[in-house]
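Next, two complexes with chain A in common: one pairs it with chain B, the other with chain C.
The block that comes next holds the complex of A and B.
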């Protein structure tokens, strides 16, 4: 009975020699809200589309609510709400038509939820869907995805292209409707503040590979940022285990480490800095450090002066 | 059911405008065609529904409309978010495709069928056309419209099918092209049957391609079958187009063809022609005859003016029952329109009567049957007995009789009437010999019955009755001819199609000559004729071998069967000329054996290396490839799931920067 909502085993998708999702293995338990993070092209949308049976995988397998993801049945589709990233609706339909059209496919359809969300987004039933703003269209799509009260909700970058107000509305609606029912939500996003507000746990994908699966606190705690202050020009960063990147300026050396332990701090101390400062990072900074470019970078003002 | 209805509504709503535009365009084109049909001076208008322009409109209009709707229903859906929205709903994707196809076909049939039905209804109004109008005549147009359905599904398949090579997506359209190309020259029922088969196969392939992107499990057998057939037909369509292009591109054949003929001065000669021009003329003794400008310019005299081969049980039903020939105009009457005023004569195979229409009032004004020509208020003419086979100038030939029709005097004269089926006109032939500028009275009608040649004038007066010479069974009567100036009749004898090539080089041919003035006749021995030197162009042979090795065995085998068990003397001319020599037959068999062997080896190799088919069934593959050629091998590949590109067997090694604090079982 404690079957995970999503089980992914070595899921792979390659286009020619290029693998956009590489041997992804993951389990998402029921009832959790999972933020699916990664840069553009990390493989988030492809993973979601493979889960939804829209893109056939090159290798591996996945199960959604216990059923194989390459053989979706209508019953399974009824249990899973899916919001694709473009917020597509048929533009020639009115808001009411959209609701009626979508409801005709479901045995269970909660009109209260649909109307509540429509109202939340200030949509009138006779509004033509094609003339809605992007935020309103997202709201309409969310209403159509939530009204069947699915057990699993998969949202592919739901806030993409929305202004902060629309984003906030979308999140509020999502939280309001989903939280109390305890259903599973998987949503991908670039907006870390949204994820921070909603998600229990996150996964981070980088160039097709799953690199992190943890709680938000764990993620923040595992990425540590040190600033070493020197009286003179700082030395290059030493060969530190799990170094993400370093940044040298005229008087400082900043290093970002992941999974750092006491040994790393001891090595930093051997550089004899005037002071070592550990800086707490928000999710956004931690994420940028984690998936950003690795290696050493430097920026010296005295070089600029010498050149001038 | 509600869900299906909603899907149908959505498809109708989205494509209704396009269908209306297609209907408008098609309607305008048909209206243009109709306006031309109404023109009393447009000769082609007298073809009624068989008028080429109308058929061209439906021939091209159907496929274009099918293509447009097929693409319009799939290309917009194919954008990735819209596709996800379409697919992710609790209804089987098969039903989504069904709704799409049902709506698309309905819209297609409405958009093209309604304008065409209006045209048909208008044409059946009295006085609408100066030609016989039967609804059966519209069958050809309806079949053309059915021909749009393979294109509809071909367009869907082109959009939906993922192929390694993008160009191969278009093979659905090539298969649709092959569908209409292979369905045209047959009866309406067979055409509909073939089109339905093609459409079903391409539709299966399109449905399978649709389901492949909807998380609906492994491809089903019907999808693989449909796709394999589509690829096979597509390859055939492509190679057919290539062969046409190759024929157009290469220089004209220099092959010389030799036949017996009568010179202007009455001498029996043997003419060898290249590219249609005489290159050598020899007389019965083998001596050269000068090629005069007159002889070269009046080829209708030194060559047989109107060759006719006795109809056989094989060819008559095939050629005479096709839908596109329900009625045929009596062509020579068009040449004499001036002298018969505004009356146009037709022969209707449905009523088995001659029918006359006034080109201005567009009303039926007369009918003709064996009892003569009648005009209202006289009683309608009796229908002719038996099946109409063909007409030459003013002689109508039926299986049980031949009639001469004088449209000026409005008389119909029986020339030959057989007593019943046991003495049917199968065994005889009627040939009308007439110079283009000769008056009707000079017309001569030849009939051959039980070895007796009868030549009659149009009023059934015998001009000549003679026993034809009885030659060895290797010979058969090919043609008869008449020289008006000298008043001589000729019969040309040649070797049967199955005469071995070595005999052709040595055995003489014969011309029988009868002088009508003196009543004497003689049999003239002519030099042998061997036209077996013709070599097929290598591009033809290559394409033929690539396309269908089995044909190499089948065609000679079928000829042999017909010759052995059917009617060797009456084999249709096209077959006789197509493959007349044993030598060529053996060569083709040899090519077939080599090609078949190579194809079978290729199939075996493929099975061995890829293991796509289980062993008990593996023998089917070489047989299939032998029968269908290289396209069959390609189609066979559609049955197998292509190997995915190499996938890394292990994820990249951890570098210590991973963060996994949550239990992900088996991760």
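The block that comes next holds the complex of A and C.
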């Protein structure tokens, strides 16, 4: 009953000496909308493809809805909706053909959902799939992924190339899916304002390594930005272990800290600034500070208060 | 409905906070009356296109402050206004608000008398609803 929707244990994929996914361990509870974040090449798509049983892992294991991810059964396929990166469709088919073709693979297929989403994206059944716009193609793919009413929906960068209106339709569809409780969605995205709207939790991957897995609010709360005002030239930033980023101007020193506690603040006080201002950051700023340009970092954000 | 709730994503302010503030503003400005129902969690989540848990969080924080009351099975309603914060907590929040004001207005080179007059004017004027 309380079995997680996805369990990943030390999952690793290496191409030669280069590991694109390195010892990934993660558990996604049922009913969660998980935003999967990371820069290009961070290992998101490879992780998803290993989960979907398309790419064999070099090491470790994963379970999807309790079943091993390296041996997908048709029963498991029927319970999982997968939207591959790039919104691929057979161009010579019409929208209706695509629906019929896909439906033939499923025991359960809800045409009402298929047609509702088609309509939502301004598609007509006689449109040829090959002549659709990017957003319409995304709509068609989404309709095909949602019509079987899957328990788990995995969307690999579904918003890629979509205009703001189509993106909003996509988010609406995601919220709609969770009307039935216990439905789980994993979606990767670079659009942090979308993630902020719909995700309960986020994972952040960076160069194959899991760097954060926590609620959105926790992520924002743990990454804090301080501006220290000085009367003269500010000193350089103190050598704090949890310093993510610092920036100096004529009279100010700005520092971004991860997992800042009272102690860090008292260290900032020792620089004797005129005043310290804590500035709220949006999710996007927090993310950029966290996976920004600085070299190796070993921070890991994890919330212990995981729901049971 | 007199209660309009709108949010923007990408803001430094978390979405649940924005929802709370909309409800708070509606109450303070008298646009929404005690006893009025709040939109259901599902309905508001679908209208704003946000995660339903975000709405739950906003509503429960408002409930903890005594601004809204949950009626099991019927949803959330605007509560009769009453003070639920302790005197010490009220004093702390007032000091915090005053410090923020002083910091922001301090740069503007007005006399203390002018600043106080502005505060007085703001208190007597019903707060404007932001767009």
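Structure notes:
Here is the rule we go by: the second predicted complex is superposed on the first by the 288 of 308 C-alpha atoms of A that agree within 3 Å, B and C clash if a C-alpha of one lies under 4 Å from a C-alpha of the other, contacts with A are read in each partner's own complex, and residues count from 1 in each chain.
One rule holds in what follows: contacts are C-beta pairs under 8 Å (C-beta built on N, C-alpha and C of every residue); 3 or more make two chains touch, one makes a residue touch a chain.
Worth saying up front: this structure is predicted, and the values here are computed from it rather than measured.
Room for both chain B and chain C is found when the two structures are superposed via chain A, with no clash between them. By the touch criterion stated above, A:22 is placed in contact with chain B alone, chain C being left untouched.
Contacts of A:176 after superposition on the shared chain: chain C is touched, whereas chain B is not.
In the superposition on chain A, A:44 makes contact with neither chain B nor chain C.
By the touch criterion defined above, A:168 reaches chain C but does not reach chain B. With both structures placed on the common chain, the touch criterion links A:33 to chain C but leaves chain B unconnected.
The larger set of touched chain A residues comes from B, when the choice is between chain B and chain C. In the superposition on chain A, no contact is made by A:137 with either chain B or chain C. When the two structures are aligned on the shared chain, A:248 is found in touch with neither chain B nor chain C. Closest CA pair between chain B and chain C after superposition: 16 Å apart.
Annotation: chain A has no residue touching chain B in one complex and chain C in the other.
Listed in rising order, the residues of chain A touching chain B in the complex are 4, 9, 12, 14, 16-17, 19, 22-23, 25-27, 49, 52-56, 58-59, 69-75, 77-78, 80, 82, 84-90, 92, 100-102, 104-107, 201, 204, 209, 211-215, 218-219, 222-223, 241-242, 244, 258-259, 290. In the complex of the two chains, the chain A residues touching chain C come out as 33, 168, 171-172, 175-176, 178-179, 192-194, 196-200, 216-217, 220, 279-285. Contact residues on chain C toward chain A in their complex (touch as defined above): 9-16, 42, 45-46, 48-53, 57. Those residues of chain B that touch chain A in the shared complex are 2-3, 5-6, 10, 13-14, 79-85, 87-92, 212-218, 644-648, 650-652, 655-667.
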